[in-house]
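Chain lettering (A, B and C) follows the sequence in which the chains are written, and residue indices restart at 1 in each chain.
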Amino acid sequence: MALLLLVLVPALGGLLALAIKSVRIDLGVLLAVAVLHLATAVGLWFVPSPPLGSLLALDVAGHLFLTITSIVFLVVALYAIPYVLHATHDPQAAPHLFVPCLLWFLAAMTLVTVSQHLAVMWAAIEATTLASAPLIYFYRKKSALEATWKYLLICSVGIALALLGTFFLGIAASGAGDGAPPLVLDALANAAPHMTRPWLKVAFIMALIGYGTKMGLAPMHTWLPDAHSQAPAPVSALLSGALLNCAFLGVLRFYQVVLASGDAAFARTLLLVFGFLSIGLAAVFMVRQRDYKRLFAYSSVENMGILAVGVGLGGAATFGAMLHAVNHSLCKAALFLLAGNVLRVYGTTTAGDVQGVLRRLPLTGVLLTVAFLAIGGAPPFGPFMSELVIFQSAIRGSEVWLGILFIALLAIAFLGMAGVLLPMLQGEGAADQLPVREPRLSVVTPLCLCVAVFVLGVFVPAPLSEVLQSAAVLLGGGHG
Amino acid sequence: MTADHADVVLLVLVMIDLFVVATSRIAAAIRASALQGFSLALLPFALASDGTPEHLAHAALIAAGVLLLKAVLIPWLLLRALRKVQIRREVEPFVSLHVSLLLGALLIGVAFWASAQLPAPRAGTPALLVPVALATLLIGFFIIVSRKKAITQVVGYLLMENGIFVFGMSLAREMPFVVELGILLDVLVGIFVFGIVIHHISEAFDHMDTHTLSELRD
Amino acid sequence: MIEALLHLAVLAVFPPLLVGVIGKTKAWFAGRKGPPLLQPYFDVWKLLQKGAVYSRTTTWIFRAGPIVSLAALLCAGLLVPLSSTSAPLAFGGDVIAFAYLLGLARFFTMAAALDTGSSFEGMGASREAAFSALAEPALLLALAIVSVPAGTFSFWEVFASLPWATWGAAHPEILVAVVVIFLVLLAENSRVPVDDPATHLELTMIHEVMVLDHGGPDLAYILYGSAVKLFLFASILVHLLVPGPTAAGLSGTLALCGGTIAIAVLVGVVESSMARLRLLRVPQLLIGASVVAAVGLVALFVRGQP
């Protein structure tokens, strides 16, 4: 029951917000739903909810991603309050659909994390695309429209391929002997050892390509820089911090079935290939990137690659990947929110035109430095720990050269990011630009995220570690 | 109805695919996809081969859903969008229409070859199901990639979905009706959103050539 | 013996009626009364009475063209059975021979057109060459769809081995073959949407233009020959379409003639309801027909030969 409410309350909240014309009340509804959602998601750790038939249930991995989504959403909702209020003065903005679409977006992402039936999960992921498209087109600019179109078309095509993979899996399962099991994860995992191998393999490949498109794995990532950079800051934060994880969950569900069949070697190889390709391509495009929001978007591609590599390596690296999912979401959300602050004051996303952020926006500047160091993999922040775990796992295993390649690519990405951000942060700026007073919420929210990332870098609390461990075991890894 | 009748329907689907890939009239392409939806609605009956009342009822429900959505509502939405934008024809696409037809034929060949590599899905599936589904998918993808006008790309997306749906038909027994309906609805809403975005594109840019949407790049 | 004579008689007398039927159908659609059903007969008779004028720049090819083409078509007519008995000249490879006899007829028509030295006819000849090069694979592939399962290339045996009872559902490839052969019929007999027999505009003509310089008996042979070609295609279609073996002898032949009249009406309906395709689109139509026939053939193999 609680699971159904988790999905329905945001959905109904969206309808309510659509009906209400006042932006302030809409924002209130948004905040209320976000708080309720987080409370329920956290509460379910202590009081588990029974599954809803065979369609909805919360397993560890799903619950982990649900909690991440919920936390990011609440932070974004808080940030959005001054943001939207400021935007109502902008003639190019269209705020009336903002809150409803955000809430429907949350409902769809929640459904992805709680669904056990693969076709329901597919419908939910498609719903996230449809709910988030209007959000990207918040500012009615031609470039935003272009980004929205690419996002819609490329992601829909990718997700259609994932549906094909879902059907292939069903066909593979029907070859398992005693009739065909429903497309529910448990039943599929049970039938997996007897599935017809060719169909199973093609199913995983289709799902990897399809959901990988939505996740931002190269070479299907072409929509991501456009969409994440053109969208308004809170939406970018959600897209990078929450949605990409949910798409990854789609891939992971298929991976779970393949694991149960015992033939997971090819799947791991594919994950490694796509993962490294993503990290490499992103690193290359991050060097000399002219637009700082696109820079962060490519960083998302890179980090999704890291997640794929972590799961592909298996063992302790899977634990590292799960930890990295948490770290990346918190960190990237902070980065995009801070980028929103910079954009509001400087009015441009071109990095070359921005200078002296540390002087003009001191709080944002400091936080931006912190978040950049964090996402780049510097200690003592969270991403350093998770990337270290993955690197160590590669070195200790038989794939030493993979570990070295991993570090090298991450270093290139870090340097590329530094090359773009440091000139922005430093410098005098123009003489007439005084320090600007920043709305409290737009600074407090990234601050909380950065603090969390710092804490995770110093030590991982035991309950979290256990959760990450069980999630890793579910995905064929283990041992942190 | 038997599995052999299904083969007739599947061949009709392929012929419609070839028509869509070779035509330059967008309204004709949309109507052809409506005809495909209509043919798709006949498939559940052909595939409900063991004829128990509950399977037939299930088939009838799916057929009604497919008919309503793919043959009526979605083409109506697209034709409405087309009217608002007021274009009639696709300009010469990246690949000329003659070559498109030949490439479409090649893709059908590839689909037949690929389905020969995979073992048969399950007993009782018509032999043409996998090749035709793959062929429709590939041709739909080809249309998305090779056409310039946004509405034609959406028709290509529809073809892809039709091909995937044919696959889903062979699994009709395992899926609760609710889920299939959910999939159909998703596609419907998707087309709706596509239509709105196309409208915005034509208003902002005075045309619908998506290949000129190339401002964002590195 | 009697059957052979019957076959010859029907072949000699019946075909122009089909042209009349098409004309009447189109007139009915247009709300006119139209020319009488037997008008083609009157035209042929009238032309046979007239004398011919031959240009000094032409050679014997110009005179031979219509004669050879009519002879080839009549010969092809002797290969296609008109009932369930075999045709007078039936032999092992007559499907192929049929296609090549049509080709021979076409070749001589084109040669006669080129012989006039006029660029007008030359244009028609080149168009005809291009379009028939595209129509021929379609025809052969469609005939292959029915010939390959029968294991033979003789019309009579192919038609006898068609699986009558279940062909509609169990053998959808035959449906594909029927559609493709109908398209080839429209192309080869210069019907809309490939060519409009009613207009005589330079931009649109293909067959009309090739025969522009012939007069008198030559034109009569040409008119008659094109009627025979229409009749042959229509008979093949009737053989493929009618489920159940046509009876032997006279009743079978009469049934077949009735069927061809129905096909002629269908052609009239198609002509009245469509516009002629742009010349650039005709290759697409024909290539599409070939592709569809190829798909039908592949489907035949995928489903396993019956």
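Going forward, a contact is a pair of C-beta atoms (placed from the backbone, for glycine too) under 8 Å apart; a residue touches a chain by one contact, two chains touch by 3 or more.
What you see is a predicted model; the values in this text were computed from it and never measured.
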Comparing each chain's Cα average against the average over all protein Cα atoms, the nearest is chain B
Among the chains in this structure, which pair is joined by the largest number of C-beta pairs in contact? A-B
Averaging over Cα atoms per chain, report the distance between chain B and chain C in Å. 36
Centre to centre, by mean C-alpha position, how many angstrom separate chain A and chain C? 65
Chain A and chain B, separation of their C-alpha mean positions in angstrom: 31
Sort out for me which residues of chain B touch chain C in the complex. 2, 4-5, 7-8, 11, 14-15, 18-19, 22, 97-98, 101-102, 104-105, 108-109, 112, 116, 127-128, 131
Given the complex with chain B, which residues does chain C contribute to the contact? 166, 168-170, 172-173, 175-176, 179, 283-284, 287-288, 291-292, 294-296, 298-299, 302-304
Complex interface listing, chain B residues touching chain A: 117-119, 121-122, 137, 141, 144, 150, 153, 157, 160-161, 164, 167-168, 170-171, 173-176, 179-180, 182-183, 185-186, 189-190, 193-194, 197, 200-201, 204-205, 210, 213-216, 218
If we count contacts the way the header does, which residues on chain A are in touch with chain B in the complex? 117, 119-120, 122-123, 126-127, 129-130, 133-134, 137, 140, 142-143, 145-150, 152-153, 156-157, 160, 163-164, 167-168, 170-171, 173-175, 180-183, 196, 198-199, 202, 225-226, 229-230, 285, 289-290, 294
